[in-house]
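Note that the chains take the letters A, B, C and D in the order they are written out, and that residue 1 is the start of every chain.
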Amino acid sequence: MSTGILLQLAQTLLAILLAPLLMGWVNQCRAWLQGRSAPPITQPYRTLKKLFHKDAVIAHNASPLFRFAPYMIFACMALAAGIVPTIANDLPFSPAADVIALVGIFALARVFLALAAMDIGTAFGSLGARREMLVSFLAEPALLMVFFTASFIAQSTELPVIVATLAHREFAIYPSITFAAVAFWMISVAENARIPVDNPGTHLELTMIHEAMILEYSARHLALIEWAVALKLFTYSALGIALFVPWGIAAQGDLAALPLALLAMVAKLLLGGAALAFLETISAKLRLFRAPEFLGTAFLLAVLGMLIHFLLEV
Amino acid sequence: MTNGFYSYFADPVQWAWAGVMFWLVLGFAALLLQGSQRLLIRLVFPLGALGALFIAGVGVAGLLLPASAVILPIGLPDLPFHLRLDALSAFFMVLLGGAAFGITVYAMGYFRNMAAGPLALLILWYHLFLGGMVTVMLADDAYAFMVAWEVMALSSYFLVTTDHDLPEIRHAGFLYLLIAHVGAVALLLCFGVLQGGHGDYTFDTMRLAELTPFWASAAYLLALFGFGAKAGIVPMHVWLPEAHPAAPSPVSALMSGVMLKTAIYGLLRVTFDLLNVQIGWWGTLALALGLITALYGVIFAAVQSDMKRLLAWSSIENVGVILAGFGLTLIFYTDGKGAMAALTLTAVLYHSINHAFFKGLLFLGTGAVLHATGERRMGKLGGLIRTMPWTAWLTLIGALAIAGLPPLNGFVSEWLLLQAFLLTPNLTQPYLNMVIPVAAASVALAAALAAYVVVKFYGVIFLGQPRDAALQHAHEASWPKRLGMLWLAAGCVLLGLFPAQVIGWLSPVVQLLTKQTLVNDGNWLMLAPVSAERASYAPLIFFAVVGVVLLLTFIWVRRVYHGRVRRSDPWDCGYPEQDARMQDSAEGFGQPIRQIFEVFMKVERETPDPFSRTPHYHGASLDKIWFILYEPIARLTGWLSEQAGRLQHGRIQWYLIYSFATLIFLLVFTTR
Amino acid sequence: MEIYWLLGIPLTGGIFLALWGCRKNAPEINALFSFLTLIAAALLTARIVEGGPMMVGAGWFFIDSFNVFLVALTALVAFTTSLFSRPYMRIEQEHGRLNAQRLRLYHSSYQIFIAAMLLALTTNNMGILWVAMEAATLATVLLVSLYRTPASLEAAWKYFILCGVGIALALFGTILLYFAAEKVLGSGGTALQWTQLNGVKAQLEPTVLSLAFVFLLVGYGTKVGLAPLHSWLPDAHAEGPTPVSAVLSGLLLNVALYAVMRSKVLVDGALGNNMAGNLMMGFGLLSVVLAAFLIKRQTDVKRMFAYSSIEHMGLITFAFGMGGAVANFAALLHMTMHSLTKSAIFFAVGHATQKAGTQLMADIRGLIQTNPTLGWGLMLGTVAILGVPPFGVFASEFLIITTAMHEHPWATPFLLLALGVAFASIFGKVQPMVFGETELPKLSYQPALTPVFLHLGLVLMLGLFIPPYLADWYRQAAQLLGG
Amino acid sequence: MTLTYHLQIVNLLAALLLLISFAMLSQRRIAGLITLFAWQGAALTASTALVAWSTGQHHLYYSAALTLVLKVIGMPWFFFRIVKKLDMDRDVEPMINIPTTMLIGIVLVIFSFNLALPISELSGTVMRSTLGIALACVLLAFLMMITRSKAIPQVIGFLAIENSLFFAATSATYGMPLVVELGVALDVMVGVFVMGIFFFQIRETFDSLDLKHMEKLKEK
């Protein structure tokens, strides 16, 4: 148990610390693929440092909610990162929240972000909030369906159990999982505000969703949000790994496997980040009202995956 | 029952009846106290609130003690009022009492400035309403049930039409009472079937009646129709978005939070208790109806621009979710999967009580806003979190709860329901476990849309810049109001944080209906309905972790860096001036949803002329069902009555011909 | 002995008022006589309650629990109506719509009308029953045309001709009855005595009796206002003075139905099948549905409530047609509730229309403002007549509908439809009359609302608690009707 | 055999009644109508008296006398007075033309005979077919009320119904109990009186006794 606690803390801290790195890695890959000279991989850390040092400038009419939100969001993401098994698989936190609760956590963070965005009452803020919720009301159930497919296979909604089933039982091919995987990729693209749904690198009012929400933030608040965003990306990648390529995650209580698991993790993350960057480079940003269609497709795929599970695998 | 005085107060059911009587006395006392308005506010409402607390207490007692019954000396000669308090009634009494306490305390503040005369009447109806609802839950024979049911409807109608000088409120009240009455007649027929020819209308005989599947189904469908009309199930929902907003906010809170649940109670009572046979397709039907209702409700909630209407539509959504859960319970139950039925039923009950609390809280919040600003249109509100922080923060709790966000109560019931859906592979009918995942998907969709609605609701009303100068001096809610909201908010939090305990309290009810109890595999702080292996959720840990991380981050930031803050104008990509008109209006926020789901709506839009000096935009998304279902019915009756009117021709010879023809016809008819 | 008082008092009252009716205090005298009648009725009732059915006057009068409760009801409503008509008629006179002569006519015919109804109820002789019914018609014809407006004349004329013809047919039925009876009982006075007939009903000739019942049903049914024989009813109710509408709706219809029921008992005995019952169910359903749809298009408040009377009479007839202990019980209960509620409504409506100076509902608004008590009286009365608990009308409707549901399920959709339509129409029209704004000033004088709330109070009480002796009374009556 | 002899006469009178009813149905002038009504009364009196004599039901003599006074002398005189007072002895335009009415009348007669057949089978009294005839008369009078559009003919039709009923009572059942008879007679008298009042009221309000002025009360 105590080792469990330690492991849990270690993993969570690790996630929190490594998350910006992943972000940096993705940006670097993108730069390479687009033939730009890339910023150093540690650029995100520098940005955070700079932001933390700055004085916070907030609007006159900003309410306490506005200042409270970044901490809330950061905390939620930290918890999420703590729950998803990245290297080890017996985590004292994980009973606290299964996959459904995980979706709940993301939703909580999102709602707070959207509310904070509306707090100042600028045109962009409410615009961003609206678009964010629009994206999420399709992405969230789709994500849930992806999880359901996995849970139907594993007969459980507990991430460790799912991972255990998928990784440590005898190897089986689940066609449903492939559908789920595609759906999951589309969802995570949308949820992490990446191309083709959103573009993290722009402030064009026609396109921006996530950026529009955080326009009013500065300094430490902005830093926390940026960090949370990185964490979110990390968590989603970890989730994808745990669900679809879980091999290598250390089983319950075998500490010997940990270093290996760590290596495997890093490798998968590098690959995943590269893949994300690649896909972002080759695809173009969608018009906003194509986004619901995009996510609708994701939702459909997820449900389809579940049905296929019932057709072929039960 | 032993003789002597104590026998009158021996059982919970008698305490409960005493509580009802207390309310009635209070109500009529109000008529006598018309002289002093202060007394009405300061004395009667608090007493009423205590009554609510007492009822809740009795409910708890009823959950712990065995069922008890009593026969009152009133009613029909062969059918005196039978009252019975079993676990099911007890649970709903807890729900009622708990919610009603907060609401009544709030009402103390809400009606503070009302003139004595109308106030006295309002108090009378208010307490009749409460008493009626409790009696519905206690009734153990058809007559008592129907009387209580209609008293509830009637008194709430009079409450809805408190401001009867506004025609639209009169219309709302009329529509409400009409649909309620039609539903009541359907229930009457349902009981007529249930009694199975014994000529005895006590629930005991109904339990014994052996109905053929056909008649059982008839009874079930009638009940579904009758109770559905009260619960606002699509397509009988049209009255709800009219009536709930029309009422004064505490009444809206009671209607949405509690009265709808009496319909759920009735449905459970009839289906699981009175009917001696259940059939699988009933559940499928209820599930389908529930999902349709849920999605329909939430979609329309998203496009409303009147805050109370929005809440009313979201009530429809929640009822839909509850009904879907009910249907799933029925499916499991008829499939012989007692344990799963137990889980699902737990979810249903849990969601019912949750909805009572957070919807009540939200309606009270809107009431406070309404009083402070005199404005119901969200397009004229905004930024109230600065002028009325108490209301704003308390409402935030309700909003997060209704959005089904952890660690609040809304999430727990949703979680349980989804867990139940995940159990469907064990069903024997193959087609069902194919279909039900899709059902799960739509429940999830509804939940996600609910989040959208909440952000719209809260963001537009409480955040942003005030859309109207007058809002600058909106005053904070008075203390009774705050206390009332505080109570309900506390309810939301506690129900969210201690699900294991709540489920423990629910178990007698579940036991009663499904002959099975839900075993919590987890410990006191962890909820694991089936097995810890399968699924678990520990809101306390969850809460603790989030809290701790939040705190640590805060301290860390302050320690390592600094907490300096500078105020300035909003940045907003450097646009020079930001006025309130630039924010999203309620319509604007709902626009994407409207665009996506336009098929369900009849959209009326008038966009301003580009050259007009005073541009104004009007958009309304109307319920299509009204136009494709209700208007034809109205037209048909109109046509029929026109035909009937032709008979009344005015010429006496014709009238003579009628008599003549009738006579001849009967002579022929009888001599055949 | 009471029986003679019962019939004598209103009769002398009629004559007295015919002679001295022009006095200033005629209304009080009227009320006084009605009150004495009420006392006589009460005594008679007490006698029956303790002594059981009894035959008076060499078998000319027969009182059992069936008609004694109608007697009590009639006397009560007659009294309350006379109370209501006191201020009402005074104001009519002040408004110059009536003069002393007319008032004299009104008062004396009012008393005679009551006498006739009581006679019809108490007599044991089917022939006398017919005579009394005709007399009741004649007594009210001139009341309907009291205002001498073209409309009231037309209404009265239709009332007179249609009911006259109907009654004539009833007479033919009676003759056939006698025709069948004399072969069993021999000709002479006793052959038309109900008790005698009831004794030998099994031996009566079926074909003749079925024929007789058709005539009796069509005849008395015209006065009950069963569709399609109802055409006179709305006109008469709408155009006559409101107190008259109240007694017509509240009492005359009951008495006519009473006549039908007396004959039904005999016919059932003779035929042994449910032919009579089926006919009544058919008429009942038709009336309920037709009335409901006709209510929808009313603009005149009294006319609307007249149609609602048709609807309720239809419901009662339907219940009687179903037969059986519960249904008969319910029907009797409904008779009581309907009389009390409907007359209460007419009282309230009377004041309202008098105040607004019109019977058009579109012009009557916001009674709650002009006089709250009156407004609430009308609102509660309407709610009660629409069968919303805890008012007693619901109690009977509850029994009727649930019984119908398991004995004649085919009929329930019609009932459901009709009740729904009626509710929508009536409530939708009354609500704006009671609620909302008005420019009329407050009511200047004190309206006679005691009767209204007395009736509603009774209805409310009976909805929640029916005293045991009253219940037994109903049960016995239900028994008599073949429950 | 006297009975059969009487029987024949009474049957003859019955036929006469039927004939008169038809005549009424076809009569256009009000005066003529009143006369026919008087004749009907006369026939009724005769038959009643005959039945009374042949069967020794003495109270039938009273009814006969009553009929004579009321329906042969009283009412016709009354009607003639009114007609003179309101001078309106003009053609009464029936709503349906006479031949059609006649045809319907014949159908009615056949119908009522069929109807009465089983009953008259078991009639213990001397008269067999009279009940059918009475019924036929009732229906014919009813038909007349339907087809006439003025007040007085309608009333006469009403009284004709009364007559036929009375005929049924006397011939088929040797008359009702006396009290009833008296009551009926009283009612009829009062009824006619009330009608008289009505005629004047109607006349002074609509200045005509045409019923087509009285079609205001209807569903809009």
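Heads up, the rule we're going with is that contacts are C-beta pairs under 8 Å (C-beta built on N, C-alpha and C of every residue); 3 or more make two chains touch, one makes a residue touch a chain.
Chain labels with UniProt names: A, D = Formate hydrogenlyase; C = Hydrogenase 4 subunit F.
In this text the structure is predicted, and so the values were computed from the model without any measurement.
Enquirer: Using the stated contact rule, I'd like to know whether B-D or C-D comes out ahead in C-beta pair count.
Expert: C-D
Enquirer: Where the CA atoms of subunit B average out and where those of subunit D (Formate hydrogenlyase) average out, how many Å apart are those spots?
Expert: Inter-chain centre distance comes to 70 Å.
Enquirer: Using mean C-alpha positions as chain centres, tell me how far subunit A (Formate hydrogenlyase) is from subunit C (Hydrogenase 4 subunit F) in Å, no decimals.
Expert: Result: the chain centres lie 78 Å from each other.
Enquirer: At what distance in angstrom does the C-alpha mean of subunit D (Formate hydrogenlyase) lie from that of subunit C (Hydrogenase 4 subunit F)?
Expert: Chain centres of subunit C (Hydrogenase 4 subunit F) and subunit D (Formate hydrogenlyase), defined by C-alpha means, are spaced 31 Å apart.
Enquirer: Centroid from C-alpha atoms only, then distance subunit B to subunit C (Hydrogenase 4 subunit F), rounded to Å. What do you get?
Expert: Their C-alpha centroids are separated by 43 Å.
Enquirer: I need the residues of subunit C (Hydrogenase 4 subunit F) touching at least two other chains; which ones are they?
Expert: Only 157-158, 161, 165, 169, 207, 211, 234, 294, 297 qualify.
Enquirer: Any chance you could list the residues of subunit D (Formate hydrogenlyase) touching two or more other chains?
Expert: In subunit D (Formate hydrogenlyase), the residues touching two or more other chains are 115, 118, 142, 145, 154, 211, 214-217, 219-220.
Enquirer: Determine which chains touch and list them pairwise.
Expert: A-B, B-C, B-D, C-D
Enquirer: Enumerate the contact residues on subunit A (Formate hydrogenlyase) facing subunit B in the complex.
Expert: Touch residues, subunit A (Formate hydrogenlyase) against subunit B: 52-53, 55-65, 67, 71-72, 74-76, 78-79, 82, 93, 95-98, 100-101, 104-105, 107-108, 110-111, 114-115, 118-127, 129-131, 133-134, 136-138, 140-141, 144-145, 148, 151-152, 155-158, 161, 203, 205, 215-216, 218, 220, 224, 289, 292, 299, 302-303, 306-307, 310-311, 314.
Enquirer: Provide the residue numbers of subunit C (Hydrogenase 4 subunit F) that touch subunit D (Formate hydrogenlyase) in the complex, in ascending order.
Expert: So the residues of subunit C (Hydrogenase 4 subunit F) in touch with subunit D (Formate hydrogenlyase) come to 125, 127-128, 130-131, 134-135, 138, 141-142, 145, 148, 150-151, 153-158, 160-161, 164-165, 168-169, 171-172, 174-176, 178-179, 182-183, 187-189, 191-192, 205, 207-208, 211, 234-235, 238-239, 294, 297, 299.
Enquirer: With touch defined as at the start, can you tell me which subunit D (Formate hydrogenlyase) residues reach subunit C (Hydrogenase 4 subunit F) in the complex?
Expert: 57, 115, 118-119, 122-124, 131, 135, 138, 142, 145, 151, 154, 158, 161-162, 165, 168-169, 172-174, 176-180, 183-184, 186-187, 190-191, 194-195, 197-198, 201-202, 205-206, 211, 213-217, 219-220
Enquirer: For a test of understanding, state which residues of subunit B touch subunit D (Formate hydrogenlyase) in their complex under the given definition.
Expert: Against subunit D (Formate hydrogenlyase), the touching part of subunit B is residues 644-653, 656-657, 660, 664, 667, 671.
Enquirer: If we count contacts the way the header does, which residues on subunit C (Hydrogenase 4 subunit F) are in touch with subunit B in the complex?
Expert: Residues 157-158, 161-162, 165-166, 169, 207, 210-211, 213-215, 217-218, 222, 228-229, 231-232, 234, 275, 279, 290, 293-294, 296-297, 326, 366, 368, 372, 383, 386, 388-390, 394-395, 397-399, 401-406, 412, 415-416, 419-421, 423-424, 427-428, 431-432, 435-437, 463-466, 468, 471, 474-475.
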